[in-house]
Structures are given as structure tokens and as C-alpha cells.
């Protein structure tokens, strides 16, 4: 079995393994428009292989079900009409069992295809499909946590499974000297179009922390009235705090005067030495302000990242998600992948405990709107 | 087995039978705030028996699960905190299987209770619980239809099961003479508080149709530009038409120039001789206007109803849902049943093909906001 | 000078007199969609005479300005396109001075017309125009109060001018016997289409208060936790209270622990013996509930009204605004006057201190949505 | 008279001159939350001098009216409660005449102050106040245009006054070589905090157009289906187009198949050789995409700007509005000036025909949200 097929199989199995603790009921709900149900993630990542690969490379390929292209397309407007993004939680049929049949059907066809075709174009698309599915694995588990959090009885996904109980392994500050540095992916492996185009940036002297902000430090900020002091906040962040009555990170609840947080193993007391998570860019920026420091830019982060430990949290940077010089949008549906989101979002660097192993990269550019908190996000300070 | 217990058992079984064609996935979604998932209906009607009867009449009664009172209370503010009404579709746990266990547990306790207690107070509450569950049976099936209608692949609930393929059995007009008439429930059987208090009203001469408006008649209205002519509409209705781009009754779709409608057996061509359904009060009123006629009042309907065939559709009246003279709100949670909704809604009379047998009554006052169409609603004209 | 022309002239002068204390600036703003600027009221009531009378009866009539039909039409969809209702506050041109020229121009033409034409059709339309302008006089002053209330410096319209400092002149309860009564306008004078069609209703025994609820009584309700007790409220009312954080009647402000209210002579301390005003139907109904009483129906009110003092406040009834038997919508634009609003509103009876003298009538049916409070509204209890 | 006082006087007079063609009515409306009425601009810029300077430097200074701080503060949360930003259009009192008295009062006190105090701290604040007022002059005229645009009769501000009838003076492309460049204000004159901190950036080779995009070129884009082709748009931009039914630049109207635009001298036919204006960032970016080019970054713009003609339009860049390295927020209210808006906005460079003479600077960083179009904004292409 080829290495590529092995990677494909492992990735596909990992999605199924993530769903192993689920009840059928858990595959369905979509309480908010920014998250999707497990059933949709399982189907959409499968549809990607069918649409982008099998239809193209397999002669007379019979799609598993012609409705699925309509139901499980996401934002690929090139590929025709889509079911409405905010109504994914209403789609009870096909059933979960049929979705698993769909996965098996597509997996078998990919397996057969790889036996007879080893073009580099196919290989590249398979690798893109694998990376795409890995992205959805991360969303699957973080979206699921979000859905579960609505349930007042705090469902347990799996005992002992807790994405957010992490500690710093080092302390102190790194000093980086000013100069022209090279940024962006420069290797020969897989990477997304948004990180391509190695190019130069000038960085001034800066210091960056070797550790991430902890719950304990953030509680200090809260107890010092951080959420009530407009001077610490960006104007847009201050509106967000007030309109949404934000008083703490997402999933935190005060019970009998003690902070707890909803986790995938149920409600747990907050541990002060654990790394802070589930905060918005606004909160990250306000906290940095309160400390008299700032967030790093994505370029500072990338240059310094060889010298600190990362991978436990997506780290908010004070860089907007914009194209690199010479960024080109690819032709066709694949070109809808990243470029069209390059407005109104902030870059996060690193990776998180929900990121599948091997998917992370120091040049990886993740991005979300400033208000979002359901990903596993944290703060690294700079100055 | 007592007659009452038999009725209880039949009613409880009927809820389960309604769900027999469902997949687990179908029990979950709540796409709109005015409808609820099947799982919620099954749980809530069970909770009603536990909360209103078992807790009161069974010494040392152990609730099945203390969380359920919180999750499956609906609007009974007297009984404490409630899960948020619009988030019912997010609650995946307890599972459907656990909900059926809950039903069995409560049924057994009711059965045991009825063996030892035959007070009239208990009997009355059991009968109220039965009627309450019957109301939720009707909502269960109409809510389910609504959820299924979001799915672009038109799921089939059950072949041959079609609530809306009904015809008129008679034609022509009834003439009723003016005079003082008696209105409201005057018997000794079960009835809701809103229909109690037999009282007098004065009616002027009126005529009322023996038949309901058909799809064919309504298509004439549509083809005559009914939806484009503001003169036919109440001001609020005209806004509703324009803000929601209403062009036809709910669930209608034009395919290849022919009208179809989503039904519980899938997409079906509209039959002109079938009775029109799934229309709002606004549409009913505009249609009557276009005909140069009007909708009857609820009093006219009640007085004339012995002389025409009814029961195939809830029929919009031009009466607001207001209290009868001497209407009294009962003490406690039971008092929250009807009175507090007596504003901003219109009365519908009759019953529909989704109403459980034996639940209908000519003095029954159903009510919805003017805009709602997901119930099986139709038009009877008066002049 | 004919009596009719005198009435016309007096009415037209009264509108101008109402605006005498205004600055130019005050003629412009429209902070909410349910109210209109003074400039609009002055223009629209003038446009009504031009559109409905001068264009019809004056040969070769030259409109003052062809744009005005577009700008100052209100809801008469029959008469063509309209400026958007919610954007009246953006229309700075024509200037206020031009609007007064427009008024003079139309007044002169009406004067000339009345010298040469005395058809009953013309007379009826002039009288309709006068009554229409009187309605807008009431709105002009209540809308103005509403706009002024947004200004944190509490503008004074006129010293000594205070619409809401009224007291009850009598006390106690009237008893009315059950029977068939006649309702609706039965005379030969002016009346609106919605009160036409004298007809019979059956009323049961009832009692109705000779006095209106006072501020002092309402403060008791507030201090007894009236706004916090869901049991007192209609479900829709309870949502309204909570979504809008309602804690008191409109315009009330607590300053140094004492209740004050914004009035047209500025901020004034609440006087407990003054009649309560600026409350919604929801508040009226909750208060009645708290007292263990109820609001009268509009029929009860009309029948009893000869025996109590009224005219200081519009009085909420527990009757929905629906057509009388045999209500007919008139042909053409005049027919858009009342009928199309017969949904979703409650009837108020009586008149207020803002109602022009001579405009009130015991058969008069005023109507507003349950939530509105900017009119001078009060509570008369029944039981 | 000192040069500084002369500059102060000229600036103050210019605000008054801008309002010279206005009727009192025009000073009042605020149809949208992002714009303010002329009266507010006149008052707020005056309040700035009173609050930041007179209160600080004049012993026993008597404020003109203590209410004004409350009414005419804008976003300075440090300085206490504010009137609600979206309700400025409701504030009819103080009158326009009183606002002019307020201006005179403050001007006299500033004049007197400058006679006796010539500290550099005072001078700097006066200069800040002048620049602040200049910013409001630009907003005053663009906000006014926006308000006038709601009026279906197209009011004329002043004959011959037309901000948008501009042509390009040169053509062709500049080529700039890659290297490390210096960015930011490096001189000794006035500048805002957001452009301070001269620092280095690395730029790659790029070309930038010497001319701005014209109406004619943009009409080609429109006629080629630019507004209907999702591939050209950022995802957020595509939503904006569809939700707002955008079909053309702001103020454009098609009349008898020909494009016209509302200008301050009334409705005018679009001239193809005039420079395009009133477009959003989304439109700028989609147009550039359609051309196979891109927008410049703010750094590219600044470095190239000595070699092209600018000043006729604010030019959208593809740079987010973020802090420069070592950006520091000043202490106190002055610190609220710029830093807190550094999220969710795009940078515009240059200046426009509405910018007061002398206010422009090549290092100036203007910023708006991507969707806004009411400023005089245009497109310069890069590649």
C-alpha cells in the first residue's frame, strides 16, 4: 500500500474515530451559523473527494447520490447551487448510516483509483483532500463542543478527553533583532495557497514571550475590572462586550463563587496554571493592553517560532488576514479556498490540541473574525 | 381496566405510533422558534403527567431524572427556570431511547396510581393531561412536516400518508336568522377554560358556506394577481406579503409551470378539487375580499356548525382571541394554559386531519398569530 | 361666510396655532417610525384637501408643487408612489416657509371653491378633510412630545401647557343590566366608516368605574412588584416588558428617588392624584389583573359612557379592532382610511386632552397596537 | 495677529462658510448612524476647543452651557456620559442660532487666551483642534450630501458646486524597485498619532497607476456583469452586494437608460471621463480583480506618491488599519483619537475634494469599514 494511500486511510479513519463516542442524535444540531453538525463535516469532506477527484479521474464515475452535491457543498459557488448554510441542522435525511455508506463508497473508489493512476495532479489533489478533511476534523470537535455547551446538563463527550487542560513548558522572553526576514512557505511539501510566496519583510527589534497567558493571569485581569474598563478595549471590542454582556471567556460559568468551564469531559473547575483559551481577539488585545504589552504580528510570530514551544493553542496575532505579495487565486473551485476570505479577519498562528497531528506548520495562516471564541485560542504577548 | 386508563393508554400509544416511521435523526431539529422537535413533544407531554400528577398524588415519588423538569417544561413560568424555547433543537441528550424509557416510567406510575386512587381531582387532571398530549400530537406531526420541508430532497414520512388530500362533501349556503344565541361549552365533559362560560351573543342575519375554498379557487385568485393587489389586503398583511416575498400558500413550489406541494408522502402535484390549506389569516382575508365576501366570526361559525360538515381543516375566523365574559384564570400552573395568550391572535374553529380523533369539539377555540401557515388551515366564506 | 367655511378656517388656523411655539428646527425630526414630524403633518393634511378636493372640483387646478403629492402622501397606495414612511425626518426641503405657503395656497383655493360650489359631495369631503386634519393635530402634538422626550435637556414646548395634569371628577361604580343594546353611530352628522352600521350586541351584567386609574394607584402596582410578576401579564406583554426593560409608564424618570415625568412644560414631579397616562395596553391589562378586575369591552364602554365623565384620556378596551357587521370599504382612496387596519390592534374609546374640541364622539373607535404608549392613554376598570 | 490664530480663525470661518447655503431645516437630520447633522459637527468641533483647551487653560472658565458637554461629546468615553450617537437627529434644541452663539463665545475665549498664553502645549492643542475641525468639515459636507440624497426632489446645495467632477491629469504606470523603505511621518509639523513612528518596511517590486479609475472604465465592469459574478468578489463583499441589492456606485440612478448621479448641484448625467467615486472597498477590490490587477498597499502608495498626482479622491488600499510598530496610545481623552479604531477597517490614502486645503499629507492614514461609500472614494490600481 502506498504511503499516500496509507495517509488517506488514516485520515479517513480518524474522522470516524472522532465520532465514535457520539449518539446518532449528536450528529444533527447546528445551533449557530458559524458551526456545522458532525454529519455535515463527515459528508462534506467526503463530497470533496468525490467532486474534485472521482468525477475528474474515474471514467463513467457514478456519484453515490446526486442529491449529495447539493446538500454537502459548502461555499464553492463555482459548483452550483448549495443548501443554505444556516439550515444544515434541519437536514435529517440522509441518515447517519447512509453517510457512513457514502464514506465507504468514496473510499473504495479512491482506493481503486490510486491503484491505477499515480499522476502528480491526482496526488496533489488527494493531499489537498486530506488536508481539507483534517481541517474539518478540527472543526468537527470544536463545533461539537459548542453544540454540547447549549445543553444545561453538560454532556460528556468522552471521559478523560479534555482539549483545554494544558500547561506551559517554558518561561521568559525572546529577543529578536531588527532586519529583513523571509516569510512564507519555502519548502516542497503541502501548503495552502495563502502561505505561499516566500517574501521579505522588515522587522524591528521585538521581544516575544516563550509562554502563553494562563487562566490565573486572566482571572487577575477580570478581577481588576478588565471587562468594565473601556480604555483597555478597541472600540469595536467594547461594543461587542456590551452588546453580548461578556464577562468571561467562552464556556466559563461561576458556580458558588468559583469559576468552572464546560469541557468535553463535562463541567470542570478552572485551573489557574492551565493555559487560557476560548477568548476572542478583542479579549486578547484588551488583556495585552492591560499588561502594557501587545500581541505579536504574524511575521514576528513566524520568525520567532523556532525558538519557543507552540501547538497547544491557536494564537491571535495583531495581523489582518491579507494576501502575501504575488498571491494568486487558483483557477476553478480550488481557487475559492482561501483568497476570498481575505477581509475582515485576523490571523492566528500555531495550532491547537484539536488540530490533527501532522497538519500543523509554522507558516500556517489560520484566520477568524475578531469576535469568535469557539476555537481553542490563546494569547502570546509581545513588546 | 378502567375506561379512563384505557383512554390514557390509547393516547400515549398514539404518540408513539406517530413516531414509528421516524429515524432517530428526525427527532432532533427545530428550524423555527414556533415549532418543536418530536423528541421535545414526547418528553414534554410526559413531563406534564409527572409534574402535575405524579409529584402531587404519589407519596415519595422519585422523578425519572431531575434535569427533565428543566429541559421539558414549556412556558409554565410558575414551575421554575426553563431551557430556552428556541434552543430545543440543540438538546441531543437525553437520547431518544432515554425519552422512551421516561415515557414508560411515567406510564407505569400513572397505571399504579390509577389502581389506588380514583378521586375526581385526579381524574380531571388525567383528562387534562390526555387532552394536552393530543394537542402535542397535532403539533408533532405539523412541526415535523415543517422541518422536513426544509430538506431539498423532500423526505417521505410515510407512503400514502397525506394530511391535505381532502375534498368537500357538500356545496351551497346556509342562512341563519338574526337573534340572541348561546355560545360556549355548556356540557359536562372535558373542555378548556377558554371555551367555558356559556353566554349570549346577538347575531345579525348571515350566510355561511357549506364548503371550504379549494385549491382551484385559490389558483384563480393567484392568477388574477391576488398577491400583487394591495387593495385586497389588510395593511399588516400587505407588509407580510412583501417582506416575505409570499407568492403562494406554504409548501407550494412551481415546477415546470405546474404547482406542486410538499406533503408527508413527498412532493405532489396540486389537485384543484382538493381543499386549500396552509394559508395565513392574511391570505384567507384577502381571498374573501377578492370574492366580495368575508370570513365568519367565531360565533357565527359555532352557531352554524351543526348544519355543515367540518373537521378537515382549521378554519380562520375574523374574531380575535379574547376572553369570554366572566373568563377566570385558574390558580397555579394550570392557569397558564390559555388566558395569557389572549392578545394578538385570531381564532380558528373546527379541527384538522392532524387533530387526534375525539379531541375536536364545536366550541373549541384554537388560535394562532395571523401570519402562521404551518398548521392545516383553510377558508370558509360568509356574507 | 358659511358655517362650513368657518369650521374649515378654524381648523386650519388651529394647526398653525399649535406650531406657534416651535422653532424651525422642531419641524424636522422623526426619531421613530410610528410618529411624524410637524412639517409632515402640516403638509399632509393640506395635501389631502388638494388631492381629494381641489383636483376633483376645480377645473384646470394647478397643483402648488407636483413633488408634494409624492412627499406628503401617507398610506394611500391608490394614489401612487410614496416617499418612504420611515424617512420623513430626512426631508428638509421644501422648507417650513414653503409649507406655510402651500397651506395658504390651498386655503385660498378652497375658499374660492366654496363660494361657487355647494354640492353635498363637496361638503362631505370638506368635512372629512377637517376631521382628517383634526386627527393630525392630535398626532402633531403627541408626536412632538415624543421627539422632545429624546432630548436630554427636556425642551419646553410652552410654559403652562401640560396635557397630562388632570384629575377625576367623580368616583364609584356604575351597574349596567344585561340585555340587547345598540352600538355604532346612528345620527346624521359626521362619522368615520368604522363606527357606521348601527347594530345590536348582547351585553351581560357588568360594572364599570366612574373614574380613571390615578398615578398614585399605579405606583402602588409598581411598588408591589407589578413589573416583575409574570402572572399578571399576557404572554406577549411579558415579552414586551423584558425585551424593552420596561419599569414604568413612558416618560417617567426616577430622580433622587422621586418619580418625575417629561411633559410639554418640561420635567415635572409625578402627582399621585393625577390621572395615569402613557401606558400600553399590556400595562393596562396587567394593572387590571392585579386589581382582580378587567378592562371593559368597547361595547360596554359605549353603552355606559353617557353615565360617566370622559374625554381626558383615550381608554384602552379589551376589544380588538375588527369590522362591525356589514362594514363596507368605500371605493377609491377614501376607502383606505380605516378598514385595512382592522387586524392586530386594540380599540381605545373616549378622547384625550390632545383631541381637538368637537372631534370627540362616544361612538368613536380609536385603535393602536398594544405596545404603543406615546398617545395619552389611560385605564378605566370594569368587573 | 499670530499665524496660529490666523489659521484658527480661517478654519473656524470655513466651517461657517460651508453652511452658508443651508436652510435651518438642513442642520437637523441624521438618517444613518454613520453620519451626523451639520449642527452637530458645528457644535462638536467647538466643544472640543472648550473641553480640551478652555477648561484647562482659562482660570475660572465659565462653560457656555453645561448641557453641551453632554450633547456634543462624540466618542470620548473618558469625558463622561454622552447623548446616544444614533439620536443626534432628534436634538432640535439648542437651536442653530444658539450654536452659532456658542461658536462665537468659544472663539472669543480662544482669542483672548492666545493673547496671554503661548505655551507650546497650548499651541499643540490648538493645532489639534484645528485639524479636528478640518476633519469634521469634510464629514459635514459628505454627510450633508448623504442626507440630501434621501430627498426624492434632489436638493441643490449650491449651483456649480460639485465635488465629483474631476479628471485625471496623467496616465501610465510607475515602476518601483524592491528594497527597504521608510514609512510614517518624519517631519516636525502636525500629524496624527497613527502616522507617527517612522519605521522601515520591505517592499517588493511593484507597479502603480498614475491615474485613477474613471466612470467609463467602471461602467465597462458593470456591463460585463461585474455585480453578478461571485468570482470577482471577496466572500464578505459578495454578501454585501446581495443583501443590499447593490447594482452601481452610491448615488447612481438609471433614468431612461442613462446613468445619472446625485451631486451637490442636483442630479447630473454620469461623465465617462470623470474619476469614479463613492464606491466601497469591496467594489474597488472586485474591479481590480476583474482587471487582473490589485489595489496597492498603504506602504506602496506612500512610497510612490511623490511621483503621481493625488488629492482628488480617497484611495482604498489593501491594507488593514493597524498600529505601526511602537504605536503608543496617548494618556487621557486625546488618546481615544485613533488607536481604538484599529480593527475591522481598511486604510485609505490621499485626500479628496472635500478635504480642507492644507489638511492633506502623504503619510495621512484615513480609515473606514469596507462597506462605506458616502465618502469620496476611488480606485488606483497596482500590479
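Going in written order, the chains are labelled A, B, C and D, and every chain counts its residues from 1.
In this section, a residue touches a chain if its C-beta (ideal position, glycine included) is under 8 Å from a C-beta of that chain, and two chains touch if they have at least 3 such contacts.
Protein names from UniProt, one per chain: A, B, C, D = Ergothioneine biosynthesis protein EgtB.
What you see is a predicted model; the values in this text were computed from it and never measured.
Asker: Measure off the straight-line distance from the CA centroid of subunit A to the CA centroid of subunit D, and report it in whole Å.
Answerer: So the centroids are 37 Å from each other.
Asker: Between subunit B and subunit D, what's the gap in Å when you average each chain's C-alpha atoms?
Answerer: Spacing between the chain centres: roughly 57 Å.
Asker: Once you find the CA centre of subunit A and the CA centre of subunit B, what distance in Å lies between them?
Answerer: That gives a centre separation of 44 Å.
Asker: Two or more other chains in contact with one residue: find those residues in subunit A.
Answerer: Within subunit A, no residue touches at least two other chains.
Asker: Report the topology of the inter-chain touch graph, choosing from line, ring, star, complete and other.
Answerer: Per interface graph, the chains form a ring.
Asker: Touching pairs of chains, which are they?
Answerer: A-B, A-D, B-C, C-D
Asker: Which residues of subunit B touch subunit C in their complex?
Answerer: Within the complex, subunit B touches subunit C at residues 75, 77-78, 178, 180, 199-202, 204, 206, 230-231, 233-238, 281-282, 285, 294, 318-320, 322-323, 325-326, 340-344, 370.
Asker: Enumerate the contact residues on subunit A facing subunit B in the complex.
Answerer: It is residues 23-29, 31, 39, 67, 70-71, 83, 87, 89-93, 95-96, 147-148, 150-153, 155 of subunit A that touch subunit B.
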